[in-house]
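In order of appearance the chains are A, B, C and D, and numbering begins at 1 in each one.
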Amino acid sequence: MGNSFGKLFRLTTFGESHGKALGAIVEGCPAGLELDEDLIRLEMQRRKPGQSKITTQRKEEDEFQILSGVFEGKTTGTPIGIVIQNSDQKSKDYAHIADKFRPSHADYTYFEKYGIRDYRGGGRSSARETAARVAGGAIAKQFLKSKGITIQAFVSQVGDLILDSDYSKFNLELAEENIVRCPDPEMADRMISLIDAVRLERDTIGGVVTCVIKNTPAGLGEPVFDRLHAELGKAMLSINAVKGFEYGSGFEGVKMKGSQHNDTFVQEDGRVHTLTNHSGGIQGGISNGEDIYFRVAFKPVATIMQDQESLNEAGETVIVSGKGRHDPCVVPRAVPIVEAMAALVLADYLLLSKSNKLADI
Amino acid sequence: MGNSFGKLFRLTTFGESHGKALGAIVEGCPAGLELDEDLIRLEMQRRKPGQSKITTQRKEEDEFQILSGVFEGKTTGTPIGIVIQNSDQKSKDYAHIADKFRPSHADYTYFEKYGIRDYRGGGRSSARETAARVAGGAIAKQFLKSKGITIQAFVSQVGDLILDSDYSKFNLELAEENIVRCPDPEMADRMISLIDAVRLERDTIGGVVTCVIKNTPAGLGEPVFDRLHAELGKAMLSINAVKGFEYGSGFEGVKMKGSQHNDTFVQEDGRVHTLTNHSGGIQGGISNGEDIYFRVAFKPVATIMQDQESLNEAGETVIVSGKGRHDPCVVPRAVPIVEAMAALVLADYLLLSKSNKLADI
Amino acid sequence: MGNSFGKLFRLTTFGESHGKALGAIVEGCPAGLELDEDLIRLEMQRRKPGQSKITTQRKEEDEFQILSGVFEGKTTGTPIGIVIQNSDQKSKDYAHIADKFRPSHADYTYFEKYGIRDYRGGGRSSARETAARVAGGAIAKQFLKSKGITIQAFVSQVGDLILDSDYSKFNLELAEENIVRCPDPEMADRMISLIDAVRLERDTIGGVVTCVIKNTPAGLGEPVFDRLHAELGKAMLSINAVKGFEYGSGFEGVKMKGSQHNDTFVQEDGRVHTLTNHSGGIQGGISNGEDIYFRVAFKPVATIMQDQESLNEAGETVIVSGKGRHDPCVVPRAVPIVEAMAALVLADYLLLSKSNKLADI
Amino acid sequence: MGNSFGKLFRLTTFGESHGKALGAIVEGCPAGLELDEDLIRLEMQRRKPGQSKITTQRKEEDEFQILSGVFEGKTTGTPIGIVIQNSDQKSKDYAHIADKFRPSHADYTYFEKYGIRDYRGGGRSSARETAARVAGGAIAKQFLKSKGITIQAFVSQVGDLILDSDYSKFNLELAEENIVRCPDPEMADRMISLIDAVRLERDTIGGVVTCVIKNTPAGLGEPVFDRLHAELGKAMLSINAVKGFEYGSGFEGVKMKGSQHNDTFVQEDGRVHTLTNHSGGIQGGISNGEDIYFRVAFKPVATIMQDQESLNEAGETVIVSGKGRHDPCVVPRAVPIVEAMAALVLADYLLLSKSNKLADI
């Protein structure tokens, strides 16, 4: 339980940080899609460690291999199995924390839940698992793109540096042109400086990723429990280090009055639009055709390069020393993960919408 | 798809605002639980309209009947079917909006999705559906209580009136002693005044509900996708009018450094605790035994007692006039709904945790 | 777990034999279907007790009420909730077996599983639950009929009276013209005589129901685990008293050689057909467009009008006396249940097939 | 959809006959199980081709690698990912049937469903996929064995050679001592001769596998739809070439009267037993603690070493020539597959049963 995501378009992952390999199985991708492996590779490059001075300097090549589900370059409708090898990891690196519970990691909770844990690099709880999500999401993205739907995420906050929430003011494509993935070059520079300063303090800091989805047809969402934003929220909250999710007007919308918040319907370009979009493109849990946008809060990474007091499995007080190469701020590398999970939700809900009306069957 | 919630402990609901009845089916409640119908009734009273001057003045009696799954006062392990009659509703009340799309409601999206919609009172998209959730959640709550787990929600924000986020400063039981359900009596008075003022403006306003879960055992959660907080987030986001969810340090935690944010493990009372609880009782998606707490943002209700411009099904510009009796602020009545959904998640995850370890089978 | 069937087109049932009511919730029926309540009523009449001298003489009116999901005569895409009242049942009738385990009933196993059981009439394990299936299946049938797919079941064996297995020799519509539901009038008479004789012996006897599905499009089925016939098999085996399922050539096909068994493809009427149909319309778990047919074995009903030795909950030897009005042979009334379950499978798989090809999305 | 089996203990497979590799992902195996890789290897040896003169002479080494979920020899509760390499397969072998529909194979139906198919060796529809099932089932078997539950299958029919249905007459362990896997040595010889004769005719023949499960605790099964035998039936019907399933008295039981068929409860060895076991160890869909037994019918393999008339994708009449090395009778190699699927069902239902009673939580 818990290793699969989606109903019709479905991703299952397996693998631990320091096991032999990670895996991603994508079920339900419609047959006949021309799959571009380079686009998968590109997404994995965006996530991989060591890509800049503000990410961990660990080297992971993230070479993947598609084992099934693709024939002569096209998807066949059968499950697409992908394996991502873990390059040679030195397990002895982790002997010093083998029986220690690192603060605000999952060491203690996995131990309580299972009575046993693979302590090497966090095992299954490591964010390394998200490599499999990005691989699977890259397939979802290609499927969506074939239907005109695009997804773009970017960094909108680092610590207390907050980008203007009106994303229409920015050219979102600029986000990929700097190492922090913020579409405002000036703000990007400030964010990079802040992360770098935190890194030198041997500390970490949190951030926010905003995601915008364009060209979603109206009608996607499965009320009452599987509302489109509820599934998006779950998808985001399932990513390591995420503490919050809001869409449309979000927590700020709380302060508004209904007369300000309501989005007026208008006819435009031969179809229904809304003048404002406080709804975030979703009304009653169903897409209305406007941009879908949401914000995802990431806490500061728990691994810091400092000594911390903690407990070991025997209940004794111990010192946990920060070692290795870790991210001072996770959001630049989280951007493709947010996009991947969003793509998986949209792909799934697009398929689900195909049986809503009798006339469509 | 979308009308059930949960894997082992599972709620399914059916019913429209102005249909004959609503229904709640609870599957997976362990056999042998003494079920107190009065406690279900109590929860439904907390949700029902017309309970105070700051809620809608609509009258709904919300009488329910248990049709199955209980024998001689105890649950039998078979599904518990509950029907909640809709008292005589005047459908003609809705003729004036039969073909109009009310702004920021689900009228347009349901129409796009299904090509047909029950326009009476919002049909399936009406918050009336949450009555079935409260009934189901009241059963989950009783199950959890038999295992020592308690859930308490309260109003922590109305408009820009924000309660101190440190809930330990308040006696949470006081929340039920005022009509806005805020545990700080002074703040409660201010919130009530604000809502009343907004009501007189024929407008609405948003709010936040905070929820605290105590005595959860360590080990609940199903990573990687079904993290405990991810499922709680989905549960909350599935409630009408919710725009955001955060747990533990939430969006504010973004601004912290890792060295501040990490929760130090200590031994206390013979078991592992943390000195702080920025984690919100969940680490790596699994409960650690500390209090679980989270915040849920509700937008201002879309129905306002004012004229608004909109479109009808033919794409023509029309005026939608606010009629009827609606809530100026939804959060006081949302408190039991938040608790119900939280109870459903916890009940489900408690059952799921029973097969984690070989020694437990 | 276990009270729902189907993925996209999904039936959930609740209710016990002697509880207040049964319920059926149908999710996923596409919106816009004109629903004929009389056709639901007709199916329930075919299942109901007391319809002839060879069925139980119990009276159950099986009045049902649709509570949701239908608006102005059409399905809206929201869940269709149906309640079937249990007419006034005398619970004291069952006091004599309250702590006894009836042989080959579910009394003992429910008690072991749940530690508590509603002993009145078998509680949840009673075949009365199938009334809810027939109601739900009647909706699936109407959906399928709108797409040209028809389902017809009939009795093909009672005890050792076995109808010729080549169903094409019979006018299947004749099955509804006699009380045993066998399409061969002469065989029907013999079957009726046999059942009547068994009834007079205060005993019961088994039988087989054959089901034929016509006009299924090619392409329905979800290999590898959810093959179309695997889901049909599960559906049938979930019906009370069923002991076996075979499709196409079935157990007899075991004796054949590959060269005899293989169905030759031919072009006919502008589409692909097979000369023979040992495959039963399903190849590799996917429909091929030919008739789907299968046989379902029902054991003799466990309730006999004789004294039997057994145990009570205390482990003491007791006598269980047959009382009440029970079916001497269950297959005549099982015909509409088999059809209902088949319709649910086909409806579900038809919806699932809508997202197989990229070109269809 | 369709590539996973099970709810809590869950197997997902991927891979095609001639793709790079097959995969099996096992979720939900309780943590702390000592996993013996040799036992997995042993099961795969029992299934692999080329093991005797009556099976295909193809060579497949079926080397597998466990990529995750096991740490220091024990399961950790995280998904166990297994990859089975496909050794170098000559794809050109299949050029001659690239656009032809082989009779009674899945070529036509996959083409209709997906509009594209991997024609090499049947692609996903090949029985090679069952190698992944056997690997996953071998883990389930070890879990069950740790709880005392054992599963043994054997060949009980080949063509019209039928073993006495009373399995208690045989020492079932003898089944593994001959190449046809029949526990009666004399019958085994006759079966081997028959298969050999059919092979020389360049033809194939069907058979039946019987499976016996011992030491199941009472209480396993999830009525009403997920009855234990319904899930076992689905599991078996999901295996390639299966045409029928019956448990306990099965189709023969149809001819019995209730007074003969009912199993009398008796107290023995301090617990409840039944004198006979026509119920096949399952009553009302729930295990009663007696032996569970069932029979599975396999059709004659569709690939025969003869020329057959058929169609190609263009609708033209073509000749399909039998080539390669195929099984003249599939049942000897199906024995471990039946056991694997049975083990998966039992493991899953054992876990599901852990939350039935309040006192167990």
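Going forward, a contact is a pair of C-beta atoms (placed from the backbone, for glycine too) under 8 Å apart; a residue touches a chain by one contact, two chains touch by 3 or more.
Just so we're on the same page, UniProt names per chain: A, B, C, D = Chorismate synthase.
It should be emphasised that the depicted structure is a prediction, and the values quoted were computed from it without experimental measurement.
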Touching chain sets, computed without chain B: one piece
Contact-pair overlap exceeding half with B-C, pair selected from A-B, C-D or A-D: A-D
Far-end chain from chain C, centres as C-alpha averages: A
Result of counting contacting C-beta pairs for A-D and B-D, higher pair: A-D
CA centroid of chain A to CA centroid of chain B, Å: 26
Between chain B and chain D, centroid-to-centroid distance (C-alpha), Å: 45
Centroid distance [mean C-alpha coordinates] between chain D and chain A, Å: 39
Set of chain D residues in contact with two or more other chains: 1-4, 7-8, 13, 28, 31-32, 77, 113-115, 124, 352, 356-357, 359
Chain contact topology (line, ring, star, complete or other): complete
In the complex with chain B, residue positions of chain D that touch it: 7-8, 28, 30-33, 75, 77, 143, 146-147, 350-352, 354-361
Of all residues in chain B, those that touch chain A in their complex: 1-5, 7, 13, 101, 103-106, 108-110, 112-115, 124-125, 129, 157, 159-160, 198, 201, 203-208, 218-227, 229-231, 233-235, 237-238, 243-251, 253-267, 272, 274, 278-280, 282-289, 295, 297-304, 306, 308-311, 315, 317, 352-353, 356-357, 359
Partner chain C, residues of chain B touching it in the complex: 1-4, 8, 10, 12-16, 19-23, 25, 27-28, 31-32, 65-69, 71, 74, 76-81, 83, 113-118, 123-124
